[in-house]
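The two complexes that follow have chain A in common; it is paired with chain B in the first and with chain C in the second.
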Partner chain A sequence: MVDNKQQKDWGTSYGEMVWKEFAKSKFTLCWLGFIILLFLLAIFAPFLANDKPFVIRIDGQLHWPIFKALTASDYSILLAAIVALTQFVLVLHNRKSVDPSIRAGVLWRQITISVFIVLVGIILLFVFIPRRLDATDYKSMVASGKATGAVFAPVPYGFGRTDLKVREQPPNRQHWLGTDDVGSDVLCRLIHGSRISLSVGFVAVGISSIIGIIIGAILGYSGGKTDFIGMRFVEIMMAVPVFFLIITIVAFFPRSLFNIMLIIGLTTWTDDARFVRAEFFKLRRQDFVQAAVSLGLPLRSILFRHMLPNAIAPVLVNASFGIAGAIFIEAALSFLGFGVAPPTPSWGQVLSLGVSTTGRFLWWLTLFPGLAIFFTVLAYNLVGETLRDAIDPRLRESV
Partner chain B sequence: MSDNGILLDIKGLCVSFFTEDGIARAVQDVSFSVKKGETFALVGESGCGKSVTALSVMRLVADPPGKIVAGEINFDGRNLLEMSDQRIRSVRGNRIAMIFQEPMTSLNPVYTVGEQIVEAIRLHQKKEEAEAWDIAAEMLRKVGISDPAQRVAEYPHQMSGGMRQRVMIAMAISCKPELLIADEPTTALDVTIQAQILDLLDQLQEQSRMSILLITHNLGIVAERAENVAVMYASRIAELSDCKSLFDNPLHPYTQGLLKSLPRLGFTGKRLYTIPGIVPEPLRFPAGCKFHPRCPIGCNDKRCQTVEPQLRRLDNGRAAACWFAPGYERPDDPKI
Partner chain C sequence: MIPTLLGITIVVFAISRMAPGDPVSLAMGPVGMMDAQRAADVRAARMKLYGLDKPVYVQYAIWLGRVVRLDFADSIKHHRPVIDLIKERLPVTLTLNLISFVIIYAVSIPMGILSAVGRKKFLDRAGSVALLMLWSLPSMWVGQMLIGYLCGPPLNWFSPAGLSSNDADQLPFFQWLADRLWHLVLPVFCLTYAGLAYLTKQVRAGMLDNLRADYVRTARAKGLSNWAVIFHHAFRNSVIPIITILATLLPAMFGGSVIIERIFSVSGMGLLAFEAVTTRDYNVVMGVATIAGVLNLFGLLMADIAYAMVDPRISFESAA
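The block that comes next holds the complex of A and B.
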């Protein structure tokens, strides 16, 4: 740490300018808020919808069933969310109080520590938290007077619980959004389903962006024969109807969430590759890249430190649309029965139950997940749209 | 090589661009040498090959379509063209640095100027980060930027063109190079800033005894600052001379035309001289001497139209490529 240095005013960075432009649209900010809300919903899903009470008094003793019933992955998600939030706060804090000359180093150290904490934490959680099955029916215990002082989650149903007595019920006071064909609460399944939708969106887009960036960067920087052959390959990939390819592949592999993410990621990178290639093609001949080469910087630094940040804008915009697309594809796959296997809840799956085996049209099973998908996809698309406008320097009034 | 004070020695450099329309010979048989501590000027109109020559020294010619087809570039006794990529990287920025023409686009917009200077310093001098930041601020102070401790934290878009060019210079000299290639360093700047930047280069040169390869189309700059000059026309050197004799007694008709077309103080009444015609395109060079269609002496001469004169050292220590330069002709030359 260099303490004797005076604080410098860090200039307005490109990212800050884009954010300022983005924040001008209050309408889109609302939709960004909606996305953040969805995230909170996904992270805290077990606390919002769970058939275990937070706390209950049985035979005079206090029990905490919900915390015992949480799985290692639930705890991992919570841990990752807390660390990510802390990291975000730290970044904001860095901007104010860390000297710019060492800020990059400090940031890297913080990120390394955060990643380390999350990884070690997840491993420890999976090692030390056993798979427990708590089949106790706390609600009947409360009803029969055996237990008292129970505090339940707002939606007191588990997503895997079936209750054939209340199957195919329209929305009512007990089940706000109705129940499905095996008597599971729809609202509960939607809340837990948001985890699937969001993680599919982010992981799939993460995979496709990384592949697209690497391929695009190599093609754009090398040019010539490599570029020619590579682009023909990209064009062949683009000519393949992705959705039918995914259906075909999913039919051959086990129906796991990870497979679906991987397949969506592996088949949708072509747009990113094209964007990055085009940007690199343009940047390769720009003076500052030539200047970087003339300073003797290694190729790795030129490609990923100097060129990539200048080429990332269209990838970010595309990622926003890509997340919407991936959520949509996952919902469609689940609707067609190729999605995640029950009882894992997913919006598309609930939607597909709308037409029951008896031929009745259960409108609440179609409308509510449909709205969830609709608003989520809409939110991502609007955010992507605004981001694109904010990044476009021709639309920016003051630089 | 290094004992006779020559730092950069270019011999028979030929660079061609292989385009769809044909082969453009951008640089042909260019030879000159730069001594330690001197300013060597490479002068010529746009498209005459002077920038390509400079880029060749850095091995920055875009490949494809460009290719260095022949020649040697000896730097401190070593041929840069034969070095491995690894070796040339340790020379670039460290022993040879370059300033580009366009300050507005020569800095990376996503990093602060400090970060960009620090990266170069840390790469070549193996300094600690905090120390490198101190050096960066010191460099900015050296190139005349006020409040350097604050300025290192600013982004290029917060600076004016002249400031950015100073930052470029600071970046280039931060590793104390032996040779600084300045590719039209002042073309994009207004006249007062031009003078400041050039004075700054002079100062820095005095302090550190580095050589400067100054590439420009501005003869005024050359007259004031350079010790030796090479005038390039259509991919070749037309005339190579020390600065004073070049201005006193130009040998090549092209140089004569250039000097005549300079406005002079007290020159009134007549229209300024212009060299007739335009610079030929690299894909459509004329046969014979490339200057003959525009030359007042050679335009009707058979030999100028058919045989291209090579650059030849003359008795007075200067060199020219013109059949009509005094003392150029030799007994075994072709006669037409």
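The block that comes next holds the complex of A and C.
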């Protein structure tokens, strides 16, 4: 182990510098907390809103219906969350105990292992957990006295349950945020909808960043004819109205969450490509790149090992805005009826129910999902903006 | 320019042809009612009628040849030339977007300058968070809330749908104009606020960069008036990013108008596109996408030209 004295010699890394600058704004930290809260909400959605009780006593026997009713994807999300948390703790630990010169290598190994664990775990979960449909109405069992000692989730409704007796009810004791056109609980749908929004945001931006980085890196590094032709292609992608393109593709292809993520990712990479290209243009002539070239390193290594770390900052900032944008696009798609197929809940879909088929304005179906979208988008935009200010050294020097 | 145009047409054409399902089967519906042979015959005849029986590249060449002459063939749903539909709808969208553009630029430039000059004051701090909030507001939510609260029974200030009252045609000119403008208020507001917030932030950032520069200090040291320093020195140099944003706002405007036009039932290009997409009306989809793409490209070109006019250092001949 390393003692404290040596640790000081390592100095502050770029990441620590940025984080220190970032943490200066307490206001933004609050919003970062809000994002973390949203993630917890998404991860533990089935435990917060579910019509199955955690535990119930039927005929003197204890049952655990909620854990039996969770699907393989629910367990996969939990697994991924646990591994991600471990990885985060490991990163913090690395900072204290691993020498900076080998830190990147260690980090990559850890990430590889984590991804491996998650992938294997997900496959195993999907193989071994059967699809179950637990249609038992535990609530009526409790009401009729057949079962006792039931502990329900804070929002005791399933997102797919319909109950036409209580359709289009404004907020009340039973349904804190009211019910929608088929009698589903709005709060429950919003809690489960956070999963869609967050996953669309992350996966879509992941896809678009990767495409943008690769294209931008190749264009910026090679320059000349490749660059000219490539930039015309980027220009084409910029000139085609993106939202319209997305609507067209989504309407023509089967509606699934993955398709929506993929399409948003495939259509929004132009900004990333332009940023990375501009950075690579500048880096190309620098000595360390020339050294890497003359050492005979493969192109992949030059581009992504040596140059990319120096050009990643604008991509990171753009990613935060990109997540906000992707969440907005997903909500807009669902609002127009091109989103994930019901009964899968999504914020935009709930919002679209705000004007009923008879033209009545249902304020609780408009206000609450709208607020959810608004606060999430705002949080990501605020974080992105603060991150940009933290990364931009021009602003750091002055003031 | 020309290759980019060609590229747009290829993208548009490819997407509409990659899609599973074709308009003929959609129009015919389930085949169960007819016997198989007859259904196949009808299908083949229809395919031939719309030219869908030829190879894809031939279809593209034929389509491109027509597009050059602004002939987008007939709408499969409306049985009318697509170009006529677009001619009806385009002015509506252009009116909406042009008004929004003028408002965005007219309001956000002075606002951005003001907030940059008054930096560090409370008003500016609160202002920049407020701008970010404005930028993050989802337009479909704002639109629906506005309709719900301002067009509903208690207030009844605006009408929730369309761009004119039912009897608008019989009104005298000025009343007609007032009626028109009144109906435009809400859609234009929804189209404007996000771009307004975004541009104001950009103007502010650009002004701050320049106000901090050495030449501004020199100008102040020379004893120039505050006004001259701000407008003749700093602002002149902040104009370039403002023009660049024009290029990014344009495509966003068209996308935004799909949502806005749908919420407010404004029959513009966005709603036309939306309806065409839901009914798989290929020709309309392709027509609208091409026209929108070309308009955007035109906007980008204008931005480039304005760029060169404002900044003498930029010239297109010496581009590497």
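One rule holds for everything that comes next: the second predicted complex is superposed on the first by the 368 of 399 C-alpha atoms of A that agree within 3 Å, B and C clash if a C-alpha of one lies under 4 Å from a C-alpha of the other, contacts with A are read in each partner's own complex, and residues count from 1 in each chain.
The rule is simple: a contact is a pair of C-beta atoms (placed from the backbone, for glycine too) under 8 Å apart; a residue touches a chain by one contact, two chains touch by 3 or more.
None of these values were measured; they are calculated from a predicted model.
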Superposed model, chain A: greater residue contact from chain B or chain C: C
Contacts of A:382 with chain B and chain C, given as first, second, both or neither: second
Which superposed partner A:14 touches (first chain B, second chain C, both, neither): first
Partner chain in contact with A:170 - chain B first, chain C second, else both or neither: neither
Chain B versus chain C as contact partner of A:374, first or second or both or neither: second
Sites on chain B touched by chain A in the complex: 58, 60, 62, 64, 88-94, 97-98, 100-102, 105-110, 112, 114-115, 118-120, 123-124, 129-130, 133, 149-150, 152-155, 157-158, 168, 171
Chain A to chain C touching residues, read off their complex: 27, 232-233, 235-245, 247-249, 251-254, 324, 328, 331-332, 335-336, 348, 351-352, 354-355, 361, 363, 366-367, 369-370, 373-374, 377-378, 381-382, 385, 394, 398
Sites on chain C touched by chain A in the complex: 3-4, 7-8, 11-12, 15-16, 18-21, 129, 132-133, 135-138, 140-141, 144-145, 147-149, 152, 209, 212, 247, 251-252, 254-256, 258-259, 262, 273-274, 277-278, 280, 285, 288-289, 292-293, 296-297, 300
Residue ranges of chain A in contact with chain B within the complex: 2, 5-6, 8-14, 100-102, 104-105, 223-224, 285-288, 290-298, 301, 305-306, 309-310, 399
